[in-house]
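In what comes next, chain A is part of two complexes: it sits with chain B in the first one and with chain C in the second one.
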Partner chain A sequence: MREDDIIICRCEDVTLGTIRELIRQGYTTLEEIKRIARCGMGPCQGKTCTPLIAREIAAITGKDIHEIMKQNHRPPFGGITFEEIVSGRDEE
Partner chain B sequence: MILEYDAAIIGGGPAGICAAIAAGKNGLKTLLIEERDFLGGQLIKQTHRFFGSEEEHAGTRGIHIADDLKAELVGLSNIDVMTSTTALGYYEDGILTALHDEKMVKIKPKSMVLATGAFERFLPFENNDLPGIFGAGAVQTLMNIYGIKPADKVLMIGSGNIGLIVSYQLIQAGVQVIGVVEAASKIGGYLVHASKLRRLGVPIMTRHTIKKAIGTDKVQGALLCQLDENWQEIEGSQKQVACDAICLAVGLTPLADILSQMGCETTFIGELGGIVPKRTADLETTKPGVFVAGDLAGIEEASAAMLEGELAGLNAVKFVTGDERVNERIHHLKGELHGLRAGPVGEKIRYGLAQLFEDSVITSEKIDSHEHDITQLAHTGIPAWENIDEKMPDEQRMIKPYAVIECFQEIPCNPCVFSCPFDAIYIPKEDINLSPVVNFDKCTGCLSCISGCPGLAIFVEQRNPEQGKGTVSIPFEMLNRPQKGDVVDLLARDGHKLGTGIVTRILYGQKQDKTAVITVETDIELVNKVRNIQLQGTDKKGVM
Partner chain C sequence: MKNKADIVIIGGGIIGCAVAFNLAKKGMKDIVVLEKEFLASGATGRCGAGVRQQWGTRQNCLLAKESMTILENISDYLEEKVDIELKQKGYLLLSFSEKETKQFAKNLEVQHSLNIPSMALTPHQAQEIVPILNTEKIHSAAFCPTDGHANPFLTTEAYAKAAKKRGVEICTFTQATAIKIENGKIKGVQTDKGFIETERVLNAAGGWAYEIGEMAGLKLPVFSERHEILVTEKVPPMLDPMVMSFSFNIYCQQTPNGSFVMGHGPKNEKPGHNVNSTWQFLEAMAQKVTYLLPAIKKVRVVRQWAGSYNISPDRQPIICESEQLPGYYMAVGFSGHGFMLGPSIGVYLSELITGETPSYDVTLDLGRFARNEIIAEPSVV
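After this line comes the complex of A and B, so read on.
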C-alpha cells in the first residue's frame, strides 16, 4: 500500500493521493476541495478530515494554516428531513 | 411558535450544565440543549477521581460529579432541559433553530452560552480505515456507557491524559494494553497516570509513532517506528506488534462550526486546539450576549470547563438583568481559573490565552518549574530514586507507619490535604500546583489518604528491622481483588515481579469508594519497591 492510498476523509472515502492531486491542480482552499472531492460532506461534516486536509494544503502551498482553517459554516449543523422542518411549522 | 428564553445554553456537558445552573440560580428563564439523550457530556465516562481544587469537585469521580450537577439542575424549576436535541442554526433575527422530538423548533434567547465541546483528532497512516481503529473517546463510550468490551489487545497512540486514562480503564475492563506510543520525547499527560500504567506493566514508548495498521479485514497488528529529534523516522527502527485494536488519543479540536455560522469572530490558536472564538476575559464573544465555555473555548481539563461554565452563566445573567451582585462570584471564579492554569502543566493554555488577550493578565512567561528534576519520570513514567528519597522520612521514623506521596510533577490538585484527619499533609505556600508534603510528626499511617488521591500516588509503609520484614499499603482498583491471607505477586514501579507477599489487611468500604487499600507484608528491602500487586497466575502485562 502506498502513502497516497491513506484515507483522509472516512465518511466519503477520499484518499491522501486525491487531496494532493487536487492541491497540485490549483485547488488550494478547503471549500474548493470539498466541492470537488466531497470530503467533509458525510455524516461527520468534516470534523475528522478538515484539519488533515488543511495540513496538506499548508505543506504543499506554504500557506498559513490559520488562514486555511478559516471556513464559513452554514446551517443546518445536523441532518434534518423536510418532514421535520414542516412538522415544526404546523404548530405556528 | 417561538420559545422565548433569557438564556439558551448549547451543550449539556460539564461547562453547559454549570452555565445553566448559574443562570437558573440567578433567576434567568433558561434552556439547556443537549444532542445526546443524556446530560453530563464526557463526565459520565470518567470513572477516575478528578484532580483540581477540593472546592471544585476534586477527589470526586467524574460520574459522581455528573450526578451531583444533574441533581442541582433538576432542583431549579426555571431551567428547561431538552435532550436528544440538536442545534441546527442561528439566524440574523436572533432565532435559534433546533431539531427536537422530530420537529424543528424555534427559540429566541436573550443571551446564549455555547458549550459544544470538542471532537477527537484523527491520524493519517496506512490502513487507517481498518475496522478496529478507534478514537480513545469512542472506546471509553463503548466501555463505560454501553458496557461493551471493545477488543482484547489494544495499542494506544498518544500519552496525553485521555490516552493514559483510557488505557487504565481498558485494563480495568479486562483488556490487555500492549503499550502506549508517544511521538514526543516526553509523556503528555499527568505523570501520576503514567506511573499507574507502568506499575501495571504497560510500556510507554516515547519518540515513537505508528506507520501502518496491519490486517486485511480488521486490525491484527501495527507497524511502529522510532522518531529522531526532528520527528523523522529513524532508519531500521521499524517494529511490528500484534493487537486487535488501535486506539487514537492524539488530541481534541474545539467544535467551532456554530461560532462561524453565528458570526462570532474566531482565530486559530494551536495551543488551544485549533479554531477558537475571540472572547473577553468574561467569555463574551464578539457578538454581544453570546458567551462560550469549556473545550469550545480552548481544550482544557473538565475542572476548568466547570469553572468557565459558571463564569459564562453569571455573565449571561449580568447581560440580561444588569445585576451586579454576581460580580463577587465572577471575580472569585477568575481567580480559581488563574490558579488552575498557574503551574507548569498550564503553560500551554497560558501561552494560548496570551495570544488571545494581547493585554492579558494571564502571562505566557515560563514559570520556573519544578523544585525537583523529574526528567526520568517525564520520559518513562517511573520516578528517579532521588525523587523518591526526598519523600521519605528518616530511618528511625520508618518503624512506625508513614505515608509516601509519589507526586512529583506540579499539577493543580489538593484532595490529599483534605483527606488527612491529622492535618499531616500540606501543600507549600498554599500553591495548589506545588507537590504535597507529609509532616511525619503528625502522620499516623492511618491509610485515609491512599484512596483519596486522584493519581493513586500515595502509599503507606512500615519497616520492622528486627524481623527483617515490613508492610506496604497500596491503592488497588482492579476486579481481581485478593483476599486477606492470600499470597500475591508483588510488582515494582515498572510492573516487574519482585517476589511474593501476604495480604494482611484490606480496606474496601464506603470511604474508599471502590479504591481498595491493600496492605501486604514482605521482606524489608522490598517495602519501598512494591507499588502494585496481582493475584498469582494472572499475568497480563504489555508485551512490547
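After this line comes the complex of A and C, so read on.
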C-alpha cells in the first residue's frame, strides 16, 4: 500500500497524500487544513486525526508540535441527537 | 512582504479576496491583502453558507442575483477550475401570518422585476418541496429554486488563488496594527511584520470593521454581535432547500456533504467580539428545529461555533470611500449577508476604487444615514 493512500481522517476519508499536498501548498495550520479538506469536521471531531496531522505538519515544516496543537476545541464534547437535547429539558 | 502598495486591503474574507481579484483583473499592480489569521477565519468562514436572491429591496435583489450569476459560473469567471460546492436547491421562506404573507407578495414583485424566478406557495406546496416540513402553523411560503448553498472557505480560497495568480500578495497571519496619516492623507499601514507605504486602504475587516475605522480616526456606525450556529453529522439527503423563517427566527439547510447547518438571530445579545458557544443556543435550536422538521430528531449535533455579524444602522452594508479621509475605502456592516453579496460587491467596490462607472445602480454609501435614505429591507434574520 502506498503511504499516500493511508486514511488519516476516518470520518471524512482524507488521505495522508492530501494532507501532505496541502502542507506543501503552504497550509501549515490545523485550522486551515480542516477547513479545506474537512478532516476533523466529522462525528469524532478530530479526536483521531488531529495529532496525526499535527505530526505531519511538524515533520514537513519543522514547527514545534505544541505550537501546532494549539487548536480551539468546539462543543459539544461528543455527538448528541436533537431528541436527547430536547428531552433533557425540565418539565414545566 | 511588499513595502509599497497601490492599495492595502485589511481583511482576508470573501470581500477582501473578491475585491483584490477584481482590482488585479483590471490591471492594478501592487495589491496587498492583510489577514490576521487564515483566510475566511472571521465572519465569512463562520456563516451559514447560504446564498439567496429573495430580498425585499431592489438593490439587494440585484446584488444577490449578480452574485449568484458569478457563483454559477465561478470557474469561467476566475479562469480556474474550482469547486465551491454550489448547490442550487432553493430557499424556502416560511410565513407564519397573514401580515408576513403580504410582505412576501410585495417582495415577490420586486424580485420578479429583476427576473428572479421566485414564487408564492401554499403550505401544501411547500411540503411537496420539503416532505419533512411540519406545516401546522405555516400560513404560506415563498420559494426561489436557484437560491442555495456555496462553501465559504472554498469560495474565498478560489478568489484568493485567482488573485495571487494575478500578482496579489496575500499575507495571512499578518495583522494591521496602525494606519499612518499625515495632513489628512493616508501614508501607509503598519503591520506586525513591517510597514507598507500606500495611499489607499480598504477596510474589509468584517467583525473588526469598527476597530479598523478607529485606526484612521473614523467612528464608523457599526458594531459586532455574536450569532451562534451548529452543524450535525452527515446523513443521507432529506432536505433540498434552505428552510428559513424571519418570524420563527431560524435558518436550516443540509449542505452537499450531508450535514445540517442551522442558526437563528440572538435576542438581547450584547455588542462585542464574544464568539463563544452556549448550551442555551443548543437547546433553543433543538426545540425549534425538532418542531419545524421533526424527522431531524435522530440526527446528532457534532459541533457548535459562533461568528460576528457586523451590524449597521439599517442592517445593510456600507460601501464607499470616506468623505473625511480620501483613499480610505470601507466595505463594512454587512449585518449577516456579506458572503452571499461578496461576489457582486467585489465588482462594485473595485469600480469605485478605480474610478469607473459602477455596474450597479445602488446606494450603499455612509452618507445615506445623514441624508435619511435608510434602506428599508424587510427580509433579514
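A few points about this structure:
Convention: the second predicted complex is superposed on the first by the 89 of 92 C-alpha atoms of A that agree within 3 Å, B and C clash if a C-alpha of one lies under 4 Å from a C-alpha of the other, contacts with A are read in each partner's own complex, and residues count from 1 in each chain.
Basically, a residue touches a chain if its C-beta (ideal position, glycine included) is under 8 Å from a C-beta of that chain, and two chains touch if they have at least 3 such contacts.
Only a predicted model underlies this, so the values are computations on that prediction, with no experimental measurement involved.
After superposition onto chain A, the modelled positions of chain B and chain C are compatible, with room for both. In the overlay built on the shared chain, the residue A:His66 is in contact with chain B alone; chain C does not reach it.
When the shared chain is aligned, chain C comes close enough to touch A:Phe82, but chain B does not. In the overlay built on the shared chain, the residue A:Ile8 is in contact with chain B alone; chain C does not reach it. When the shared chain is aligned, chain C comes close enough to touch A:Glu32, but chain B does not.
Shared-chain residue A:Leu16: touches chain B; no touch with chain C.
Using the contact criterion defined above for the overlaid structures, shared-chain residue A:Gln45 touches chain B and also reaches chain C. More residues of chain A are touched by B (comparison of chain B with chain C).
Once the two complexes are overlaid on the shared chain, A:Arg74 sits against chain B and chain C alike. Here chain B and chain C sit at a least CA-CA distance of 6 Å once the structures share a frame through chain A. Overlaid on A, the two complexes show chain B and chain C touching the same residues of chain A, namely 45, 74-76, 80, 83, 85, 88-89.
The residues of chain C lying in touch with chain A in their complex are 37-41, 45, 153-154, 157, 231, 233-234, 257, 259, 277, 279, 282-283, 286-287, 289-290, 296-305.
By the touch rule above, chain A contacts chain B in their complex via residues 1, 3, 5-8, 10, 13, 16, 44-45, 47-49, 51-52, 65-66, 69-78, 80, 83-85, 87-89, 91-92. On chain A, the positions that touch chain C within their shared complex are 29, 31-32, 35-36, 38, 41-43, 45, 74-76, 79-83, 85-86, 88-89.
Residues 1, 35, 86-91, 97, 99, 102-106, 119, 121-122, 124-129, 212, 253, 255, 257-258, 260-261, 266-268, 274-275 of chain B touch chain A in their complex.
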